[in-house]
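Order of writing sets the chain letters: A, B, C and D. Residues in each chain are counted from 1.
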Amino acid sequence: MTGTLRYSFLGPEGTFTEAALTQMPGADRAQRVPASSVLAALSMVDEGDAEGAVVPIENSVEGGVTATLDAVSVTHRLQITAETLVPITFVLASAQPMELSEVTSVATHSHAWAQVRSWAQNVLPRVQYIPAPSTAAGAHSLRTSAPMADAAICAPLVAEQLGLHVIASGIEDFPGAVTRFVLVTKPGQVPSMTGADKTTVTIPLPEDRAGALMELLEHFATRGVNICRIESRPTGSAMGDYFFSMDLEGHIHEPRVADALAGIHRVSPAVRFLGSYPRADRKAQHVRPEVSEEAFDAATQWVASLTRRT
Amino acid sequence: MTGTLRYSFLGPEGTFTEAALTQMPGADRAQRVPASSVLAALSMVDEGDAEGAVVPIENSVEGGVTATLDAVSVTHRLQITAETLVPITFVLASAQPMELSEVTSVATHSHAWAQVRSWAQNVLPRVQYIPAPSTAAGAHSLRTSAPMADAAICAPLVAEQLGLHVIASGIEDFPGAVTRFVLVTKPGQVPSMTGADKTTVTIPLPEDRAGALMELLEHFATRGVNICRIESRPTGSAMGDYFFSMDLEGHIHEPRVADALAGIHRVSPAVRFLGSYPRADRKAQHVRPEVSEEAFDAATQWVASLTRRT
Amino acid sequence: MTGTLRYSFLGPEGTFTEAALTQMPGADRAQRVPASSVLAALSMVDEGDAEGAVVPIENSVEGGVTATLDAVSVTHRLQITAETLVPITFVLASAQPMELSEVTSVATHSHAWAQVRSWAQNVLPRVQYIPAPSTAAGAHSLRTSAPMADAAICAPLVAEQLGLHVIASGIEDFPGAVTRFVLVTKPGQVPSMTGADKTTVTIPLPEDRAGALMELLEHFATRGVNICRIESRPTGSAMGDYFFSMDLEGHIHEPRVADALAGIHRVSPAVRFLGSYPRADRKAQHVRPEVSEEAFDAATQWVASLTRRT
Amino acid sequence: MTGTLRYSFLGPEGTFTEAALTQMPGADRAQRVPASSVLAALSMVDEGDAEGAVVPIENSVEGGVTATLDAVSVTHRLQITAETLVPITFVLASAQPMELSEVTSVATHSHAWAQVRSWAQNVLPRVQYIPAPSTAAGAHSLRTSAPMADAAICAPLVAEQLGLHVIASGIEDFPGAVTRFVLVTKPGQVPSMTGADKTTVTIPLPEDRAGALMELLEHFATRGVNICRIESRPTGSAMGDYFFSMDLEGHIHEPRVADALAGIHRVSPAVRFLGSYPRADRKAQHVRPEVSEEAFDAATQWVASLTRRT
């Protein structure tokens, strides 16, 4: 029954986030529900109005939302169960076929405009830029009786959804950029280990002094756990207190990850586990022999043998 | 001559960024020039169209833009010379005096909408939300012949600038939040040391493996340099290579900071110095005796005495 | 039955080592068996000719023997079960009562002579020094038909055992020195935890490069385990390969010690556990809250809760 | 003039220490002056009675004396200017030619006896062991009217010096062992850098707590300085305070060593430099690019460029 699975996403329809949603596990049988903000998308999961929410994490043209995700996860106890990467590529699209030289105004979100700026200066030097609430909103307006502009700069998906005419494509100044999106659900079973996994956590800084962060990281280094992403964030009103949002290489079912997080829990008991899930890039991880499951088992047995002596 | 100093900012007029600009050194004699994006604001400095640009750094309702700042700084060699904090507080404003109960639609940016969501659910449960390209854009539309909505949720500054009627104020769900903004100029003289300073750098990760970040941080820990902010960022198209954007406590004119950065330069020669400047919170820093200027001088003299022996 | 317990010690009778033996657990019912060397004393235990051996560890006037202990422990699988401290104080003793001014020659071990040298230069400037194989041997010779000298410099114990006349006491140049001795047995039950314990281990260096020792020590630092003693030793014929002999604060029955040693085992699987035993100085140890048994239990439960989710 | 150079050594004549002396720079023109103890040998330098002293450091059959060396260096301000390695190999020697089967007693130092114990048990199972104050003393007694035993176990050098008959050679249980000796002088010019050097220092532990040693070692790790030897020592009467005696790879004239020691001086200002000198094993050291002289120069220039900006 496709009707029973609902994934909310940062809307409106046609965003890069919706493109990401289509790549998520279960997407083929999920109903897609646009939300007006990341917070709203996440709240739908929290309140049972969706089984999953797809939200951007990094480098997004629609805005960096890790902070929101962190905040909500802490409040609402959600879990990341999948990630995916979407190439950030833009098209210039219009309602009816037209030439580049005919375009006098374009609507798009300011972040997208920033990313095609060099192209626009070269190709459309005299065009008028109309700020839109989102790239998708600019595109949608072209199909209304009050279009914001002659054309819109938007994701290929929305142009396709709306049957727009693509005047130019691949117009981003830095080709090859990708944005990372995650699928967020209520806490439940952790996805199986694949050998190419990530684990996301938030760790309050126990004490704000020189060396404090390094001492946290020692717990990962001594267990051979690589850090893929780290971001410090103020914990709220007081700008002096921090926590860290991190992605770790590895899965909570690996002893090296479990042991490192146990160490972190001792020094920062409010650590939050946000999920272990397969890496979008499928990059197999290199586990050094001294932090392999075998090494952990051998060490545990050796220590047990010492304390069991009679 | 006030006309000779121009500060660009993330516009339109009335944003929190413009509010930040008014707190920056030189603001009273600077002409304020709105830009359509952070990138555009920074480019104005790079191209000589402005002497400074004010852009948001953290936690902003107008979008996190550290990534843009980093990118531009690397490309264009800009320097941070000041920072300031602006309380993030919202008002509900209308063109003409009206009651809360009369408001049927509100225009604002989706990030702002997310931050007043609980208030809106309680006080305006049936209101229609109209996404605006920015909080200021929503407010400005109220003074046009085609207002986007009955009222706008925006910064107090823009309501004041436009002479709007403030229906409700302090409506944010999490009072006390602040956003950090910086003033960016062309590279030049580093602002004087005040005893409560910050230094911003970007550091490419020399090698992507477990422990690599910790080894970078050891350079700061052994010199007693506290890290106020850290964010890993992909270096571009390849999602596997990272650099770190960091704010350090202290000033490049302090030996502990200079020595730590010298150590970093050896392991990551592409390290970039983005500036030393007074902290917005004026929090005096605690320099441990073993990393004081005196300790550095004594150590230098001792080592010199060893190698000078005859 | 006192006859069933035999403790070997570095002889001959009257050494500081025998004085240490008298302070060891079980000493009141143990037969004391002098051995000609530390190696011989340890071998007696290994071969079942003694239940325990008392040997010096640090700072001894009879020679530093940690190296021997390490070697034997590796070969013979012995265990340290107690330690004790003996004040290193010397007497000048003769067979018959005599005055200081009458002493023309003194016999003692060269290490003891070195430790009373200033005193001897002041008080006996023209005395002849006769090297003896040990301080006790010099003293014993006074009771033979061929005394090595007029007087001997020796431990108070041997002077008392032989009924010698004490001409001067407390003649050491650095009063207050103590030497540490340990009781070594065959591997068996680890002595109970007292809250003021030490653990002795040997750890081969996995790789001889800058930072390798620091990486070992991180395992102790992250578990809040203090290091009381560390000595690097060449592993044998090749002077380039090292192992470390260490005393740690804490007992193998404490989770912080067990967890640190498990970490060490992963990177250096040939680590050897030589014993946990009460500290001679009874100094209660300060266990930081984040490495207490409670913190370990809480961390273990938290991690278990993550992986058990359904 | 050979008469003007005097090297004291741990005597009597024929010790391994004298064998080491013959390998030291200047030995061919130096008068060899035996001393009764390491302390006495060092004091001769301190008091101007010798220009150098040769003393054992590690693993010696004549006793470990690093502690003495440390103590004296702190008190008397001496400097290590050379090191050498001597193979520890023993001979069984007699005054007149005799067969193994004729030997009924052997004289030697207990440490030497310990090192030939397996050989003696196999070859001379019923021989009587006579403890001698030193291996050389046992040998010398063979040439007196009152020999201590039929034969002596001693260094090849003393057998040669005394024209003794060598009954058996290479009788040590662990062939290939070497002992390290150093040449100590008054403080003066540091020997030139050779590219294969060592530096010896003593470092008081600033604070006795978990992690304190690791924080010291970070200063070496961040500068790529390998530690060849480390020994903790009690500072004196109070058994709870420690300092570390260390040999580092590299020369004080290398920036990485000088910079690491400057870092150490800040946290432990009572650090003592005991000398930089060529390694006895001539093993060329591998200096990682990031701690090369070039990397230090580039880093210094970069930091200077930041602070010099106008």
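One rule holds for everything that comes next: a contact is a pair of C-beta atoms (placed from the backbone, for glycine too) under 8 Å apart; a residue touches a chain by one contact, two chains touch by 3 or more.
Being a predicted model, the structure only gives us computed values, none of them experimental.
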>> Using the touch definition from the top, how many steps at minimum link chain B to chain C?
In response: 2
> Which chains does chain A share as contact partners with chain B?
Replying inline: none
>> Averaging over Cα atoms per chain, report the distance between chain B and chain D in Å.
In response: 59
> chain C to chain D: how many Å between their CA centres?
Replying inline: 22
> If you look at chain B, which of its residues touch at least two other chains?
Replying inline: 218, 221, 223
> Of all possible chain pairs, which ones touch?
Replying inline: A-B, A-C, B-D, C-D
>> Under the stated contact criterion, what part of chain D meets chain B in this complex?
In response: 187-190, 206, 215, 218-219, 221-223, 252-253, 258, 261-263, 265-267, 269, 273, 290-291, 295-296, 298-300, 302-303, 306-307, 309-310
> Can you list the chain B residues touching chain A in their complex?
Replying inline: 36-40, 43, 58-59, 63-64, 67-68, 85, 109-111, 113-114, 117, 129, 131-134, 137, 174-178, 180, 208-214, 217-218, 220-221, 223-234, 236-237, 239-240, 244, 249, 281, 283, 288
